[in-house]
């Protein structure tokens, strides 16, 4: 059988660390490396010894040999690129978040429905071994009713690429919520069955750093590039709030930067029979009481690479038609919730969703 | 000078572990031990070798020798007893919470204003050495602007006296919020200058235990007495919420019982220049960044007993007329906030305070 | 109601460390302290401030006020004393092992049946909190079928009272099996439902020490008194074997003394769904696999003193007529098994039980 | 001198990880790589850059240039292949176990005796540095009389290649005993002088997994290939028993899979003067008491690769005629013992050997 032909659109960090290595191990062939920075596309061709460098994605929209694309660009062009490829009959795996706001995400969903092609979002935790072990326990009723979830994604000092695309709202759509929170909220929603949000009250802050005091911001290392003091910092580095859903309530605290001791990256799932603390990106521990004794256990298991799982599932569903948990339709639950969090923070009032 | 004569109303745990020992070390004399359970009052007289046993507080209202009382009863009679003594010209130190709800607390405040006698509430953290060290740092501007506070008062399995007065709403007024939360909220308010709450959204749960499944509740030890399975459990054992104030936002998670690993009892004060984690009842650590280095420090200091401080301040202010931070007027801020938390939880909507 | 009157027969270590303190906390009254060494009986009266010293138990057999006795003597007189008291209408709690061999134990059972009085054996683990937590899990089916049990009661160097009553077969009936093994086997039998043994193959050794080389035996401390080099050492200090029962197989290794690193005192219960390691006298850990993840948990719980539980249950069953798991009838299962182990070791062949 | 020419029969895991690398470092030349799966033989030729690929071992039986073979096939064809090569005048190093049962092993011994060629079994521990250090201490009398040995070869969850050749009795002859136990028993026998077994009582179980519930078996990783749920699982994964020999007694517990915490792979040698714990595949510690002090010591030494030692000794003995401890004659002791263990388990009774 002919191998699926894919293109990688945007050859930055997430492409090189996740999508490209996974495609190279998969049954597909990388046909194009595309980046508006020509050096990046060229470097990928040279490094991986395959594919062709392209600097403008429009050039490959009409290639009948091309089956699918990974969209690994900044958030602001997720929508247009994904819709263009869908309209030209290509399947799309778009990195998270789907778009900068709900309105754009709805447009993407519409394009998917009209084209009938696959549009998956890179909610990679849905392909994580530990997360799925935990979800299985939840689905089997081990925890009883999960009535509350606490999400902590707090870091001491780790604003990414100060003054760059992550901190420029026009490009990214937001700060820590859209960068890290989207993963935490999607993971929670996946585990507890994608319940709809009913009320959302949140507050966002940009207190440790803003355009006025970027030079005063202390850090020990900075991923996504060194600071650009001529750039922009106009996004939130902290969000906190309280959410009521059709399922559990969710309390969240997320910070790229906060004056705290250590990174606290975990999610507590609190159930009537048992609870779990999931260390984000790692293992989880379960807690329960029985017969006046308290139990605590951290299961050991063999993990597979979640990016490879995500890519393989994407390639597979193109051929089988299976609808994955990363489908744009499922993603709307989180997209609506994210929008409500930002809306509530702006209004300084609770938002009630119908 | 003649020694102040005091009466202890209610001779249970808090009286014996805190108020009585503090009075015995003070300049005052305990004139009466009062309890409606005669054995308790008698036992106190025998044990401490002073005072007179009384079984009905009305008997001592008119004693002209009596100057002041500590009200150490269950919450449901705080109001009536405090008001009676105020009306009879006695000074009152009433254990926290002032009352079971805001309405009752307002009545108490009114009685204080009309009588002109002292009415302090047992918000003992305001007399804690560590808390005051931290408050001094806040007041000096060390943390910059405190923009957010996170309060965690979560315990794995520690519902007090299941089926007893703590878990019976008619007596206590509520569960973990009114028992532990009142201390945490008052402490926060004290540290950040008693700002008024603007919006409050909260959810309460009674999920690990209720009247239906009290026998299924697992625990390893239980303070405030063994379970009474014929008693009542109709209060919340978990509360979570998001609060906007005129100062910082507050996020809180408090549980008598939750399927978690360990007790997590702390408050994070997050400021623009620095942050602090206060271990409830213990020491605190400060965190800040400067010149691309991150600092962490746990100050050491000598502590004095906060109950003794509280009692001595009460006795002193009777004579000096000084208005303490534990005055009923200051307490109204927390009382309003507590009422709003319960109201929001009942309505499942955010409450907006004027 | 009149308090039960009890006598303690034998005022050595187990009486002073376990039976007497438990009676003092109980609803019963100690009427007599009896010991053939008068100083011991006298010392008990003086130390505990109650009871009367007796030096020959026959003197109190006919006391109509005496209700029950604890037999805390060396093993060789367990049988005669217990039977005498039963025949005189007294209830008996006899320390383990019931007797030195099966024949004597059968006689004791017969006397119990004829008298109708209580005869319980001091299998104190049946009143241990952790053991009962574990047994509850087994009974609820948590482990699936328990198909094998491994009992390790191995100590590096701890022969008790070299040359004394523990090492003199005429008095004790045997060595490590009858001293420690009886506890381990009884505990196992209790947990897995007292199944009958079908085949028994065992070997015993007295290799680190015997009458010839008692002075060469190295040790760091010795409980039950200092060595008596003029005494006797003619019991086994090591036993190992393989047992088939109507339930699980049992493999055992028990040594008072062996050239090993550390004490290894535990029991592994191996089930089809889960397994447990019980640390003798302590807590236990459970192990299981599910959905390709391995779980391990050590429950925490509050323990009560098992000697007090044992004494209280003994006193209670005298009045209620309840048959306890420590009844002589239940004890016959272990007594038969112990006899078979010694018989197999002597014959150097497997013993088949009908 | 002309180099010895060898053939490797069976190019699976043990050949590639042990025999082939050892031959490549030796004085011999690999002339043939033989495997009935042609790709395996071809791959070996390509990978090691020597030898010729053969797919049917009969083709090389008559090659006069061929001196010796390593038989690295599944157990079920050990016997026929070894005998064929012996009959054609070739020397044979056959992987352990010699054969699936005693009858076949006797046939192999007979063929060795008739041919006069070398037939060694791959009991590689007899060439292990640590094992030989320990054996030297035993032989020198350091431990006094070794009166008991405890062998623990227990793993939490490690059934190899579920449904494959390891778990198919027709191919392997048995489960954990024939796979791991053969190594442990042979090592013990080697160390204590190859004493004959007198009585054997054993029980085997297949409780965590069988053909009915292979899919329910939880594991974190699986060596010897992924599960084949259409394959067979009809061997024991657990064996336990008690053995009397002309030397020490042996107690054993061996499990590929058991609900325990950690792998427990060790052998305790218990002597009258001292004891040792040998960590299988690793170092050993000695324990002894002297003058009321207890000693513990873990000797350090330089190890050589035991597979290389085994291969070199094999090649050397071909030329010198020396009879190695891995000779088929010595192996009969373990072969008889293994057969008796399986026979006892089947009969559920002790087997008495003459």
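The first chain written gets the first letter, and so on, giving A, B, C and D; residue counts start at 1 in each chain.
The rule we apply is simple: a residue touches a chain if its C-beta (ideal position, glycine included) is under 8 Å from a C-beta of that chain, and two chains touch if they have at least 3 such contacts.
Every value quoted in this text rests on a predicted model; they were computed, and no experiment measured them.
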C-D compared against B-C, more contacting pairs: C-D
Copy-to-copy rotation (chain A on chain D, CA atoms, range 0 to 180, rounded to a multiple of 5 degrees) logged as 105
If you average the CA atoms of chain B and of chain C, how far apart do the two points sit, in angstrom? 52
So what's the Cα centroid distance for chain A and chain C, whole Å? 61
Whole-Å gap separating chain C and chain D, where each centre is the average of the chain's CA atoms: 43
Residues of chain C that touch at least two other chains are 290-294, 296, 300-302
Quick one: do these chains touch in a line, a ring, a star, all-to-all (complete), or other? other
Interchain contacts (touch definition) - all pairs: A-B, A-C, A-D, B-C, C-D
Can you list the residues on chain A that touch chain B in the complex? 143, 145, 147-148, 150, 156-157, 198-199, 201-203, 205, 207-208, 217-220, 238, 240-242, 244, 249, 251, 253, 258-261, 268, 270-275, 277, 285, 287-294, 296, 348-350, 352
Inside the complex, what are the residues of chain A that reach chain C? 133, 136-137, 286, 290-302
Touching residues of chain D toward chain A in the complex: what are they? 220-221
Where on chain C does chain B make contact in their complex? 300-302
